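Input: structures, listed below.
Look at the two complexes coming up: chain A is in both, with chain B in one and chain C in the other.
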Partner chain A sequence: MENTYLSVIFHSTKSYIGLKVVFFCHSGPFRILVKRSFFIEDLIWRELLRHIGILFIHHSIIHDLSNKLLGVIFIIIMPDTHALVNDFLNQLKKRKIEGSKATAKLTAELLRSVISQQRIPHTNQAGALIQAIKAIGEQLIAANPVEVAVGNIVRRVLHIIREEDLSLTTASIGGLSLHPMSDDEDNVDPDDLSAAAVAAAARSTLRAPSLQTLLEGVPHSAPLHQSSSSAGDSEEKTKSTDKNSRSRKLKHHVIETVNELIRDITTCHELIAEQAVEHIHHNEVILTLGSSGTVIEFLCAAKEKKRSFRVFVAEGAPRYQGHTLAKELVARGLQTTVITDSAVFAMISRVNMVIVGAHAVMANGGVIAPVGLNMVALAAQRHAVPFVVLAGIHKLCPLYPHNPQVLLNELKSPSELLDFGEFSDCMDFGIASASPLLHVVNPAFDYVPPKLVSLFITDTGGHNPSYMYRLIADYYSADDLVLQQRPTS
Partner chain B sequence: MVAKKGGSKAEDAVEDLARVPLQAILLADSFTTKFRPITLECPKALHEHKDRRRKDNNAVMTMVIKQSKPSQVTRQTRLGTDELIMAIDPGTKQLLYYEDKADDLKGTVTLDKAFLAENPSISLQNDKQDCYIDICTPEVLSLFTDNFDYQHLRRHFVKGLLLDDIMGYKIFTHEIHSSYAARIDNFRSYDSISKDIIQRWTYPLVPDVQFSINSAARLERHGIYRASDIAQSRSAQVGPFTYIGKGSTIGNNTVISNSVVGDGCKIGSNVSVDGCYIWHNVTIEDGCKLRHSILCDGVIMKSGAILEPGVVLSFKVVVGQEFVVPAYSKVSLLPQPVKQDSDEELEYADSNSGIISTTNTLENGDSTNDLSEIQYSASSDIGNGGRGFIWSISEIAREEDWRHSVAPIPAQKLIELTQAVYDDLEFPDQDDPLLPLADERESATESEDDTRDESQYFEREVEATFLRAVHENVKEDHIILEVNSLRLSHNMALENCASALFYSMMKLALDTPHHSATDLVKNTNDVISRWGKLLKPYLQGIDDEIEVILKFEEMCLESGKEYAPLFVQVLHLLYDKDIIQEEAILNWANEKEDADESDKVFVKQSEKFIQWLNEASEEED
Partner chain C sequence: MDSRRAPRTVIDPKVRQVGFFAPPDRSQSVPLLQNSNSPPSPPLSDLSPSGNSLSPVMIPPPRHLSDLSSRAVPVGFPPNRLLSPLHRFSGESVIPVGSYNPSEFASPSVGDFFEEKNAQSPGPRRSRGVGGSGKFASSLPAGGFELPPEVKPKSLTTVSVVSNLQPNVTEKVGEQSNESQDGRGANSKPLKEKTSKAERRALQEAQRAAKAAAKAEGNAGSGVANSVNTKAGKASKAPVQKKDNVSVAASEKRGGERMTDKDRKKDVPHPRMQFDDTSRVEKAKKRAVVKQTEVRNRVELFRHLPQYEHGTRLPDLEKKFFRLNSVHPAVYKVGLRYLAGDISGGNARCIAMLQAFQESIMEYSPPKEKALNRDLTAKLNSYVSFLIECRPLSISMGNAIKFVKSRIANLPLTLSESEAKTNLLSEINKFINEKIILADKVIVQHAVTKVRDGDVLLTYGSSSAVEMILLHAHELGKKFRVVIVDARPKLEGRLLLRRLLGKGISCTYVHLNGVSYIMSQVTRVFLGASSVLANGTVYSRVGTACVAMVANACGVPVIVCCEAYKFHERVQLDSICCNELGDPDAILKVQGREEINDLKDIANDENLQVLNLTYDATPSDYVSMIITDYGMIPPTSVPVIVREFRKDQILI
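Then we have the complex of A and B:
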């Protein structure tokens, strides 16, 4: 075996190397040729060279050696979830990710990879998954409590796990319940209907108490945990071989659904924009403030449908994103007028509709929106102009604004308002009372109460503010509303 | 720059710097209440730096600067630094000149004429603030190793680099606009930067964002940051711009404003705290009054104790009951060292940077934990039941106390300061025309005798080196190297070397036993042909050669009178050996034309030779 070589091609997308690989390389009785692939980052490469006595060759030589080669192994170093999570946490903390859509998508993708790498015990699989996601979710939320989209997605994923678990258990219970009754018959055709009914019933217990459930008189059943785990236990006794497939099934289903969620988030703009024609009519004047991706898409979709209308853009101090929005709209051939934020009230009487984006939509129908929007909403109300808020479903937050966990606002750096250099003499702490007379406050958000909002347009259609809690009940389970675990003391 | 402070750590840092190339470091973290560096990536500056580095290997450093009001008072009161003037090439952003006015030239800048000639475009700026954050290449560290006398990053290193044209290293600047960068250099900047952090200029590096600590605080109205588990009495008033750390307790009727209180502090009743930095686990008993002070970890203030503005209490100091700690005093558990050299260090620390003195106390606090119980319990330097020593600082430093403390500058000093600025502004009008240029002025300040002595000493050294070389038959290269180092250490110009070497050669020829004038010429011939090569590196131009002739002339008049009759012969010899070109000789002759008769002796002597040279050159033409 002296002259046999093993070519190892490493492939990695993330800067982390598992010791497993290194150990594996050590144990081989071969000389190992390593061809450096494009994807190996410098750090990993150096680490590899340090750990393994490898022969570094140019890739062209592999062909010459190919008759001596024992085999080629591709090792794909999976990105480590821990590192991934930390990476994302850091980005959240440093406020490097902006916009709820991007955050939501990244969160969902992160949770997906966490789920796929999570080891699941045989019993109470859903519980283990939920625990893992909760632990990570808590960290993510704490890293940037203002960005509620993170919490929303975490809760959505938890809800997905619960749902999938439930449909699996009910299916198997249905299957089991059939066995004693039909001893001799083959169970080719399990009673789909009954299983579905059980699932539906159980699902409704998952939801927050709603009018529907009250009317139907379905009692609040015991917490899901017990039922699912006891079901798992009973199942364990009867069928042991089923477990493996079930665990794989659960994971598979959950990942499938999370993928769907990610798809939903990416396509929410389009779904919302599709409804544009129903809301924007000919020769109307639309007012918006600041810039929002959803709003751009919405207006452009209406334009594409040959609607001709005019847009007033309030510039949205202090970031003046309205300027970029105006540029964008003009590029798409829309008649655009830029006004200052303070001119909104003067212009509102000529406006037919106000269309704005949101940072988050709370359970009571209140909106957390970029600063300045409350003023616009008040002006709109004064002149009875409809105030329409566009929001993808990832912005739906199951919490109420009075909840103590909700951090409504964030004060950003005053440097967006003032130049530090110009005002450095006002920031002087060394004289007189040692406390500067100048204080600059730069809040990022406004809270628009539900009574000022006329309509929400989400990817599922238009909704009244008072209907928000129902939507939320569809998407989130009540158990997950409070993620923070009580300090165990 | 990390590497600067711990000189010995420089080598260790090289590797780090090389691997994780260069992150700017902000030495400001008042919320963990320790001088702990926080790394902040500043991608743009870093990117620029790398780009430049790729193009120009000599771009060793990028200095981060930001705009500031050009008022000396503000700078003094904000960061405790002096006014800064720098010259920047507007195109390339290269730093050309740096003057932080720590020297005595207030209100005036003196630029060398050559400096203006060399750089076609210069923008002189006094509205920039140096953030003291530099992105460096590993060469910088080796520069520090080579020049071990660099004590101060700006005063020595930057200026040295700018003046030194041999290596050709360049420093560039990067101006930041909306972002914030600063470095804590003394207690005053510690105060200012902490307050900037509380006012959120450093966003997202603010206390309510989880950053380096695990428990993020919540920001409440009036800029009050509150961590979790705080027990605060209802009657206590926590004022604006205050941070209260995790698990701290605040008693009845206590008033806290503009302060930072660390984790696990116990503050009693009827305490007033204003503008203080209280680190972790500090106990303040009832009725204490604190104003503009820093209290390190584990300090205990017994009831009724009072801190006047500017006090710094080191680790675990105990202030006795109702003791009044005088303003600007620094208290440590360790007694003040009395050795001469450490005194100097102290002075340096106080006048230049608070960091050094803080690290001192840091070490002290750690190393003496166990000892302190026994050794210092008896000390009553700091009141009844107190523990610790008040460090007295020399008179000069005391004057400067108010400059670099956390306390606001007293109104009277402030007036003086403003007055001083105006005085300085008037200063240049009075004697501006008389002001010599920078370089000349420098030499002018030293007395003439000094320079004379210096050059004579240099000549002697060179001669000794040369003689040793002749006797031990050292290689030419080595001699050149030695002479070079002598030149650098005595701060001499190239032509001085040439004349000194030439002098020692002639001396050697003179000292070799000889019987007649012809013998002497022969000796000279031998020496010149053997060692003439040595002069080559120092004879860069005509001027240097003229210098050599002048030196020889001087020698003939003074020490080596024997040469006087042989002047022409030796001159011819030098010409033959290609050491001196005809142009130099002709120029020399021209220069001498207007001189006194007595000076013209040698010109006259060599008249024929010059004439011959002239003819020769005409023929060539």
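Then we have the complex of A and C:
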């Protein structure tokens, strides 16, 4: 029994405690061969290593070992995407997650585990994945409709799946025909009747609806999985041999790309901060309101490059994050002046540039920003001061806002503004009517219309508000925009 | 000019010396008691230098007192005040003692204080001084001692000489005061105190004359020797002084009067003094009654505005209550309340000030041979400069002061004193009633017509006029909702919210940052104003501009309610050239949110500056309408009102 291998496939991230139990039962004189599926949390690895001798193999050589295997036990510790998703949903609903960056990252990680766990059929893999992601995505979005980063990431992942599927398709076709996709940008001739044409059609659906696609008469909103499956089917006929490897490939590629996405989200600050020196000159006077991680890093990056400038920090009531920012900046040796929010208009005439963070950037170039920024933007416009918004690309939302001030807003607890003890008698003071006399309104966000924004600085560079719609086409599929309407309607 | 210039330039370093010599002031009061029994000089000669070295840090207030009350105040003060230095001495001599145990001495000194005010003839006082308790007996030499720190350094340029001469001079003056009490009338003494320049010169000469002898015997420092010495000195000095007096005040006090008038003019700080001018600031500081320490990390942009640490001023000023003879108690009280922030809001401040003026005018009587209107104006000036030290004047207050002054100036000379006073009092009453109270009523009448059923009215902070409008509209049974926008650090809106809720008006409370959110529901914006400037700029509580801007962007009419007496012919484009800086500490800590304390520990970091603006300027294009007592006008009509109002103020 010395050379007994058990193949174990993990899909768990969280419930490794159950896993431990399993191994305790089996901790006999056998070795376990662990097929590392796409990813396993380090924690689990450590746990495994502590208890049993494990032979790592790469999943590609499992076939060679298969004769030595005594048996294959699939210990599929259900990753419980269900539990994970529910957990995340709860957090979203209770607004436990602060900041769009953290939310985006968590969403991406959740979706990654969903994908890795998802069993996919041999046909129409992409379609199945998309369905699964969409189902979860809908729930997530519904949990916190205000946090558009969730929806953004869901769409990004969907887009990634489509892209990967397409690239696989085109790669397999690429073997047959020449490179029909290389000149995709000016792909005007739809006279290829081969599979390449189908792929091209599929490709075009990835783009935002445009005049060109309309004129070409390609049903741009056709669900992708049909076309991709048809492409896959046609491919299957020709290349049925490497069906298996392809299915694995897709999932693998998707997860690789999602990992990349997560990496992008974590590093977006640095990418934005790198551009700081290009925008801040010597002796600049900068005003900002409240605080955001991006702004801190941006200003600090400029300071590190030996730029000397002064910063006015409006405190950003009722959260007063400006104090945190001021502390941070002072620690870095920047000349910092803390002002009240009310003094913004008075001071803006002496300011060269306003730099703020954003909660989300809408497709029209409008910004959902921390409360108070609309006021700042108006003041900046009045005094012709550039209003610069720093935003990671994960904040870019492919939706066009409608009445965002109300619909994409959130009212926070009145306790931030008024002491309950002080005004408790008034809150239900209503004598004649049942409605209380006193309302306390504490919105969390402001909508800054695109005309007030001078520049967006994203991790991909600086953009005009009017260019945002085009960026969206790079990161999202047109299908998902449309389909996204379904859960809300 | 030169003659005045010269001493002044010398003063600057000297005043520092005065500060340095201050401790004797305090030590005085202790040795004084001994002095009355024993020859004063030996302890003094020891005490004054040692006192210097011992406690320059310990005892700043007396120093302040001596250089303030004895310098700025009496110099600036008219004949009726001429007497007061004397009184002051007697009062002061009590106070240093009293300052050790204020509770014990509070009442007697108050008594003194008021008695002095009323007592015009030196007779009773002197008799009290001479025939009174040991304390008073000692008080008179104290008066003498009081002088030297102020006089001596001015006349002497070298410190070494000063230290040598000090006993002599103090002795001398003390003697002199004693002598004058015995021999001469009250006249000479106050004059001496009064015409400090002439006296200074006289002293200087006298000292120079006595210098040789003084130097010879100064070191010996025995009381007898000194007294002899000083007698010699005095003998030589007295004629000189008299000559001086005659020459300077040829037409008795007229000449000195004029001079002090000029001096006073200098003394009153310009209401809009630029505080980045260091030399002026230095001068102002020397004059200042209130001890003011500059806030640590000033904002570069606002160097031209005064900013002082808040906590330090009030207690300091409170301590000085009995020493500030120049300031009428009512004015003093109002000043303190400004400083403490008890009275805020343009109208409240203005009314409080005018009422304090009324009180002081009521108790005022002009000195003999002195025109009431001139003297009273001078007095008002000193009050105003005191009030400015407490808190910079609002524009409305400036206007009110201008009004009172013009009324004083226009008093017919034929009026008797009491007639003039009643005339003035009724004028001021009329101003309060017509320009403020009635004006508010008219504004309310106008504004209420702009409130319709179902309106949502937004207001910012707490404006008395807007509050009246809301209450009146509510009384009329109009159905409306009020949105109160509030901002840190004062959070005045809470008080308004409280009051409106108490009246049963339905309110929405929102922070300034959320104003864009709420603005879509609002139908009218009512704002108060501290002032409206001639270019239509509304100068008001900081944040008003933000509200008006957002309202303008959302297409909501902005109605500014402002009494016409607050209009000013000045023009202003931004909120930086002219503003008022509040206490920066109010920003560092968030009221009711202790968890926000990021800035507490770095408050002293030189990179951190905290700016607490009080006002901002709302551009006129954000304002749809200004409601004033003259009716509803567009902001472009403000200069017209300003012109008319000014004319009307001068003519009527």
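The criterion applied here is as follows: the second predicted complex is superposed on the first by the 342 of 489 C-alpha atoms of A that agree within 3 Å, B and C clash if a C-alpha of one lies under 4 Å from a C-alpha of the other, contacts with A are read in each partner's own complex, and residues count from 1 in each chain.
Assume a contact is a pair of C-beta atoms (placed from the backbone, for glycine too) under 8 Å apart; a residue touches a chain by one contact, two chains touch by 3 or more.
What you see is a predicted model; the values in this text were computed from it and never measured.
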item	value
Greater residue coverage of chain A in the superposed arrangement, chain B or chain C	C
Which of chain B and chain C A:Lys93 touches, first, second, both or neither	first
Partner chain(s) touched by A:Ala143 [first = chain B, second = chain C, both, neither]	first
Touching partner for A:His439 - first (chain B), second (chain C), both, neither	both
First, second, both or neither for A:Phe345, with chain B first and chain C second	second
First, second, both or neither for A:Asp419, with chain B first and chain C second	both
Which of chain B and chain C A:Thr336 touches, first, second, both or neither	second
First (chain B), second (chain C), both or neither touched by A:Tyr469	neither
On chain A, the residue positions that both chain B and chain C contact, one per complex	414, 416, 419, 422, 429, 431, 435, 439-440, 442
For the chain A and chain C complex, residues of the former touching the latter	315-318, 320, 323-324, 326-327, 329-331, 333-347, 349-350, 371-372, 374-375, 378-379, 382, 405-406, 409, 414, 416-419, 422-423, 426, 429, 431, 435, 437-443, 446-447
List of chain C residues in touch with chain A within their complex	299, 301, 486-489, 494, 497-498, 501, 504-518, 520, 541-543, 545-546, 549-550, 553, 574-576, 579, 587-588, 590, 592-593, 596, 598-599, 602, 605, 607-613, 616-617, 619
Residue ranges of chain A touching chain B (in the complex, touch as defined)	93-95, 142-144, 407, 411-416, 419-422, 424-425, 427-436, 439-440, 442
Chain B to chain A touching residues, read off their complex	66-69, 71, 74, 76-78, 80, 127, 129, 177-180, 188, 191-192, 195-196, 199-204, 209-211, 216, 218-219, 223, 240-241, 257-258, 274-275, 292, 407-409, 411, 414
